[in-house]
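What follows is a pair of complexes built around chain A, which joins chain B in one and chain C in the other.
Moving on, here comes the complex of A and B:
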């Protein structure tokens, strides 16, 4: 009993000390990385999905519900990216601070014009997102906008530190601006080149760096590669002399390797999420790694 | 802890009793994988609903899924002959793989990402809602009452098939009723707990009960205790070490079964020496 009381006291103490910081939950590691940039040492950031996990399917654990229950701010992608797993978690957490429309809820897609919004959604088009492609964080300029959205939310929830969050945003913004020059220069020689990807996660990246990623190993989003489709992709790649195939950690690398073997192209490991590539644990480092890998493969 | 784990615990207390009872039947009949085959039949029905562009939450979809489960029940009751060269488990296995493969084919045509179907069929006990628990509990009460009223014949057909034939029971029809009710129970529990948990709840407590006792009443009692310990213990571990809840419960069941087997072994050694 004594030990139980001590434990209780201890956990209350932890809870109080934790409350001094802003409790931030990010569904995915890219939002988490931005939240860390903005929140600095004034925010405790919990990231739910692992960087190597498919953001469409995430396995819920008890700590997720606890984290959401105690959250002051929740950052999610929206646009149906987490539709498979976030709604039931929120239902169980029942935290009014992070309901839609509250300052503590950052739905990243909200202020962003999404690409590839389908004219009319039919099941025949595959596992399409009715609201548009939700993989928008791969464009650094959009990432800046999301960072600003996060800074505004932090400032609204924690007004005493508003200036601190704003300063961190300004710093992040200028970092990205400087890096954009660098990345743009690295990709410039490959302007207009075609690249193949496993899943349609890169339209924003392609748009920003002026390459084309319009051929996919999946015949339709979410449908595993079929033999006849791969044959077609191989023919297209040979005809257009495509040199790179982009694969993410949770995708089937084997089918990409098969196609690479048949065409002489290189398989390039990409990741949407910081931590998904070795050594790339922040948003900027991840973009650095991807740009240099892709440039090396296209050379 | 209870804020987060209350409804999962409620589900693990209120729901397994019927599964343990049906598990005794299933183990006795030697048709261990019937639950997975039945669940796969239901999912094939849901895939068809996807192909027909039906709303997945609608009653039509539910009716199609139920229809497919009844087809499964019919197949298993027709093939379960009194004396057959082909073991029932072979038919069950074949039904499972064919239903699973047919679902893959249907989905490749429907061009639907499988996430919605996955959500529909494979529940996560951690995220169970009060509404789901009560609905499932009500269904289990109804099926339980059905089994209780007709228990004599159901038990005879499962535990003494020759006796059932001799008494002139229409064994095939009783089999069909058993499988149909079973399919209903399994498919509704899969939706809140997932395939792994359904399988463990059916088989592990029943096997423990059979190992420790010979009378059905006692076996059932032991099975219930094991099911409660495994479910609540597993949820506790899941919370304590932050593990996926369903898998934690299944592994707890595995550990319980090992403990019970060791106990049975030691007991029989002591008796013979």
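Moving on, here comes the complex of A and C:
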């Protein structure tokens, strides 16, 4: 019996280690989408968080430990977005390949200039991130840099396929460059317009497409909308003739709808993560969907 | 005079063109109405414009070659446009002067291209060659409008540190992201209080945990300082120092936990050593502020002890190479004193379960508490997770010369969390633990107690938590504890009892909470004690300062 169990264990272990594909874990679906673009059929990508859930609060499910233990590459944001759930997983995963500083660890925020770095860190201001706003992937130019970072990591971890990853990156880069022309043209008529969002997840998107997203339904990051704050928002929206309110899948759409009703604005469903909007299962499709939705609402 | 005006009119747009960053095409200048002198002037200016444009282009090319966008052109464009086109789109000021592309550029060609690069957001791609002068801040000044100023010192062009392609970068290479990573350890301070009322005057008899409310009125039973961080490339360290106020407001200090843990042993092994909570069941290894109720379950407080089972020792754990989460742990601890409650515990005033305890020194391996545990977890679906564990604790106790204690435990956790969870809500969590203790109660020191008996005690609790709205959790819990009724021992801790609890918790953020809990306690008569029920109400409040407490599953 004992021998049988041991044999079973070893065969399972061998089966797992014999998997020739690059095992990639991405904490969030946006990184996962880029990893799939770069890795193609040579990488198995596991995404931890669901595209429709709040990335700040993800359950550290034990199955994630297994994924991280078997990972050749881990892609995480590194700007405190996953700080509430990733550290204990990494502790338990005991995987030296994905330690900080190893080629198998892609910290996406590396070399990204984060916006809205608070000068004075106080939680009285709500859920602030000391390193700056961590929702940087909504800027396609930043996404390109992250994709390149991923390609380099893949190449370092899996040198025989380095050229393949590099080629995929080049392809992705030119796709994004071409798409940027489309997106830029679609958003151009709305340059300088104000848009309201539920949470401050969109400064990078706003910066890229030259709109302003500075008014939020949340009175402070992470604090649910209060009636008095919504009254203020409604007044601001009326004064500035704001036409759109951006809401993500996990956010309370009802408060957005109430504000929309009072102001005549439209509620626009956005998502930071591929898979968060129907049919938008890749980064480019997601950006396509968001740009067209927003442009339609601002018309 | 007329001529002068003509010249002025002719020159003026050119001046404007210069002022506007050379946006205007020279060919758009009016030429039909110019005198020869004016035409010559215009021609000179045009040449100047072209020369300038060439210079700018050359400069851009140069910068591109260096792959460093130091310095800026006069137009305030910090970007390094890949397509020789416009740069950043950032001028969100509402000037909209020409309805053309977002910003003008010194280059008149390809000005309709949307920028596909932006050096102001991507400090430098990892591929970039190591910069000879890393101190150069390529984004000399902030872009106007939407891009708030970032401290240039917080943005490192850490190309050298990334060195992903180079590989084998050392563990100590600094990783610079924004302003982070400046502390060698995380520090947090957590204070938990309770305003309590009970129909029984002696709340300390009703409540079984040392961090539970102990008296009517206000209680401060768990004020803790927590530290953690990487010790070096091989170890991580953790410490929890707890301050408790007793019922006379005197401060007691506990070194609740202080241990180091390996970070990169091979074969998925991990070693832990120091003072720590035994990995027994769900509640025992956790700190009271993470509990879903204001007090400890009966079975936990009575079988493992008011402080839980913890002590100085070591533990090895192994995650099995299986496709699901499966972990084996084996701990050993001294098991001596009040935190080894059912083991080598001298008891209050040297009495435990009526016996004068032996309080002997350790004789050998059998006097350690050995704590094996196995846990497995499965995902039932994308939103549902189950964790099943079995634990044991085996060692000697102090009620006789060779008396032993065995505790067995089983635990079960089910959790559902919405796929559209906002701040972790809504969720449903069902947790149940069962424990059985076999306790050989000897005849005490020098065989002074009349009999030796063996107690078979068991108990369980089951609790259901429902996070129904962001920040709001409702819970119910049932508790049962069955102690062998002894005709020889009058210890009130051996009373068979049960409890029903209900509570409502509000988490304004993850750093604070307010909880209202109601308990109804049932007591069964024993040979020595009369049973009488008790009702208790607690208003618990808590705050956390400092490091973000990450949550284990």
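What we mean here is this: the second predicted complex is superposed on the first by the 283 of 299 C-alpha atoms of A that agree within 3 Å, B and C clash if a C-alpha of one lies under 4 Å from a C-alpha of the other, contacts with A are read in each partner's own complex, and residues count from 1 in each chain.
Throughout what follows, a residue touches a chain if its C-beta (ideal position, glycine included) is under 8 Å from a C-beta of that chain, and two chains touch if they have at least 3 such contacts.
Quick caveat, the model's predicted, so the values are computed rather than measured.
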{"item": "Joint occupancy of chain A by chain B and chain C, clash or fit", "value": "clash"}
{"item": "Partner chain(s) touched by A:145 [first = chain B, second = chain C, both, neither]", "value": "second"}
{"item": "Which of chain B and chain C A:40 touches, first, second, both or neither", "value": "neither"}
{"item": "Contacts of A:112 with chain B and chain C, given as first, second, both or neither", "value": "second"}
{"item": "First (chain B), second (chain C), both or neither touched by A:211", "value": "second"}
{"item": "Which of chain B and chain C A:226 touches, first, second, both or neither", "value": "first"}
{"item": "Broader residue contact with chain A after superposition on the shared chain, chain B or chain C", "value": "C"}
{"item": "Touched partner set for A:66, first chain B, second chain C, both or neither", "value": "both"}
{"item": "Footprint overlap on chain A, where chain B in one structure and chain C in the other make contact", "value": "56-57, 59-63, 65-66, 69, 84, 88, 91-92, 123, 126-127, 222-223"}
{"item": "In the complex, chain C residues that touch chain A", "value": "82-83, 89-94, 96, 101-102, 113-118, 120-127, 139, 146-148, 150-151, 154-155, 157-159, 162, 164-165, 167-173, 175-180, 236, 261, 263-265, 268-270, 319-325, 375, 377-379, 382, 385, 387, 415, 417-424, 470-471, 509-511, 548, 550-553"}
{"item": "Complex interface listing, chain A residues touching chain C", "value": "9, 12-13, 16, 50, 52-54, 56-57, 59-63, 65-66, 69, 78-80, 83-88, 91-92, 94, 96, 99-103, 106-107, 109-117, 123, 126-127, 130-132, 136, 139, 141-142, 144-145, 148-149, 152-153, 155-156, 176-177, 180-181, 183-185, 188, 191-192, 203-204, 206-212, 222-224, 249-252"}
{"item": "For the chain A and chain B complex, residues of the former touching the latter", "value": "56-57, 59-63, 65-66, 69, 84, 88-89, 91-92, 122-127, 220-223, 226"}
{"item": "Residues of chain B defined as touching chain A within the complex", "value": "3-5, 7, 50, 53, 107-108, 110-116, 118-119, 124, 126-127, 129, 238-239, 242-245"}
